[in-house]
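These are the structures in question, set out in turn.
Same chain, two partners: chain A is paired with chain B first, then with chain C.
Moving on to the complex of A and B:
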């Protein structure tokens, strides 16, 4: 469940694709972490590439409560051009004709509406290029 | 460390049990296990349950259940590892007995899923994924496994029909299990024409929403022989491993690393190899899951899992029968109960009590129970003495 405190905390990732790059081994984590698999604890904040390739995907036809009105929608795992992978919806396309290997770009979009006040939550979605 | 045996098992018919509360389902199966073992008390208990909070609005579950079982003030703990909560409870019970903290331990798993509607249940289950970086975007569990299925089909040439054959096989087995939620057969054509849930997975690729519980009684092996005259089943291997809970964080979405690691640990502890296993109960929450699991456990070569159900390798009468109980697919999947129910089925089989679905001459059985999209896995190996 998205709450205002959590939403505010995640703004650097949702709005700016900020990730943590290990200053020792170079591995990049999205979202940023406090410790790397190599054991190092020093990171620099980097902005991820906003283009990538669809690794796999599905079309959600039975959706969780807050997405019921949007089904069917495509969602996939995208590998960005810097090697980082993330899960995102794939929009502005014919969901019946998507294919693995599709090149996509990451765009800033509305993701969901939460709570009785209808707070709008923004973040990233992917669009075929 | 003491050797540990299973001396009692209990399970009731699974399904949509609208007239029963979570505590009733738990107590019914716990009493069956206690009576099956022939014991008059238990020293402690573990309960596996994924999310009683989201399904029935109740936490502090273990104390409530110990009370309703009439066993208070024994130590009681509820453990959680998403859909592997039951398997984790088995491991915790094993450790409790092995370490000498308790002699007679009740291990139960329970989930009451039909008190909420379908979209709320979908949401409750989705909390086993990374809520901030998967769930936030609208992914569901069928969706995560659908992405694994599409990748497996793309990389290894697994076909849509091969996925269907897993459901057909497990329903054929489940039709022989009177406790199964859906004890009937389905056809390949029926699976392929059922409603699409998350492409390419259809409703008959998915395990159902289920109310149910299962229970076992554990005790030291030495004590087992004095407590019961039934065949004694020893837990000879225990494996437990984790993986990223976000599917996108794995190098290969078709490889279940936690299952491979837990399998290796259990095989090593038991001194067994995959070819020594007579039958297995594995976590077929979706048809693709059984395919990836049997690859990770070494029952079949990586990439060839799709052929197993179709060829009969994993069917009753095949080389390694998988999910003789009907699996999660036909027996049902009350998430927290599943890992315990797998042990119940293996014990039935090893005792020779599995009736029409009996695997003849079964001596060594394996259970594999996993959470989320594979972020946690418990593997147990059991052998009849």
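Moving on to the complex of A and C:
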């Protein structure tokens, strides 16, 4: 279960796609890292592009309990237009007709509702354009 | 001079037709379509709410404004469907846009008038010089009780406006408010669906307050209906805004560009503000626009805008409202719609 503290810590990535860009070699990490492959430890925060292309995906038909009402749904790997890849749910589409190469955009959506009385968790999902 | 610097709308892809709802309740679809002048309405996906649509509409407004979100000094969201009963919507939206932490946020509520209230207040903040830019949003994912007349209209959508003093696309020339205590529509604490006073929602409520507001602001501005290129009135159904426009002396052509309701439904706090976005999409420099919102309870906020040259530069920077309305639609059957809207729920162990 998502606790308010854990959810809150991930807000910069979940809400604004904040990535870490190495100030020495320019490599961008999402989520951000402490040390770059080049060994440098200095990063600048950048916001990723909100459009990209679906690289691959899988359809979840037997979902974990908190997502059972959403099945079947697609989880994809999307390459954003700045070259960074991320994993996201692909929504507002017919999963039987989804195709690799589909252009998508990132939208702000509700990711999870914690029970009847818990917090509402928001973040990014991808939708076909 | 103070005015709109950027504007944007957002609506979900899903739609349900009047026939599909009427079929379930044994109602006569043609008479609903004629009587209410409604064809279909938007329906949010299960992962969409007032907060998510506010973020998307605001992103469109930011693109047109061309400003750094850190320059936004206030974020006001008007809605009658804030996702939390206690916990602001504004903090999530401001955080998602990157406007925190130097920003004032507040959630407004006044039935369908909450969106224009945010516009009214943010405008004063900018005018007073307290902030450089302010964001006002009207958004709702409203619900009508199953089978109630409201179910044919209650839909989802959002409109966002960034106000400022520089690079204005439409100046605000005058504002006006007209309000009385009128119990035409309400929802009590812990009740899921709102109640309304049926026919009482017409003459003493909608028509009295919008005509009061429109006549008041035109008198103050010494303007007549023919001085305006366009007028937008709150759209609870297709019929009311056309009728109130006629009562006031406006022609159908002045109202039609912002008249989204036949295909969109009533987006409550988003209603007249979304009509304004569609009107700005087609307006030309120099056009005068009148907007009068309506919120049950009851009141109407009036605005007179003058479109500037900058409109031509910005309108293509984000999706146009009518393009979103007419393309990429996904029609739902009543069962899926009922599931999406939480009207039916699966048993949980």
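The working rule: the second predicted complex is superposed on the first by the 127 of 129 C-alpha atoms of A that agree within 3 Å, B and C clash if a C-alpha of one lies under 4 Å from a C-alpha of the other, contacts with A are read in each partner's own complex, and residues count from 1 in each chain.
In this text, contacts are C-beta pairs under 8 Å (C-beta built on N, C-alpha and C of every residue); 3 or more make two chains touch, one makes a residue touch a chain.
For clarity, every value in this text was computed on a predicted model and none was experimentally measured.
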Following superposition onto chain A, is the placement of chain B relative to chain C best described as a clash or a fit?
-> fit
When the two structures are overlaid on chain A, which partner does A:111 contact: first (chain B), second (chain C), both, or neither?
-> both
For A:91, select first, second, both or neither according to whether it touches chain B, chain C, the two together, or no partner.
-> second
Tell me which partner A:69 touches in the superposition: chain B (first), chain C (second), both or neither.
-> second
For the overlaid structures, how many degrees, to the nearest 10, lie between chain B and chain C at the C-alpha centre of chain A?
-> 150
Please work out whether A:15 is in contact with chain B alone, chain C alone, both, or neither, and reply first, second, both or neither.
-> second
Contacts of A:46 with chain B and chain C, given as first, second, both or neither | neither
Touching A:122 in the superposition: chain B (first), chain C (second), both, neither?
-> second
Could you grab the smallest C-alpha gap between chain B and chain C in the overlay, to the nearest Å?
-> 12
Hey, what residues of chain A end up touching chain B and chain C alike?
-> 70, 111, 125
Chain C residues within the chain A interface of the complex | 13, 45-49, 51-52, 55-56, 59, 83-84, 92, 95-96, 98, 330, 339, 346
Chain A partner contacts - residues on chain B that touch it in the complex = 118-120, 122-123, 126, 132-140, 142-143, 146-148, 150-151, 154, 195-201, 246-249, 253
Chain A residues within the chain C interface of the complex | 11, 15-16, 47, 50, 69-70, 91-92, 107-111, 120, 122, 125
List of chain A residues in touch with chain B within their complex = 2, 6, 10, 13, 30-31, 55-68, 70, 73, 75-77, 85-89, 100, 111-112, 121, 123, 125
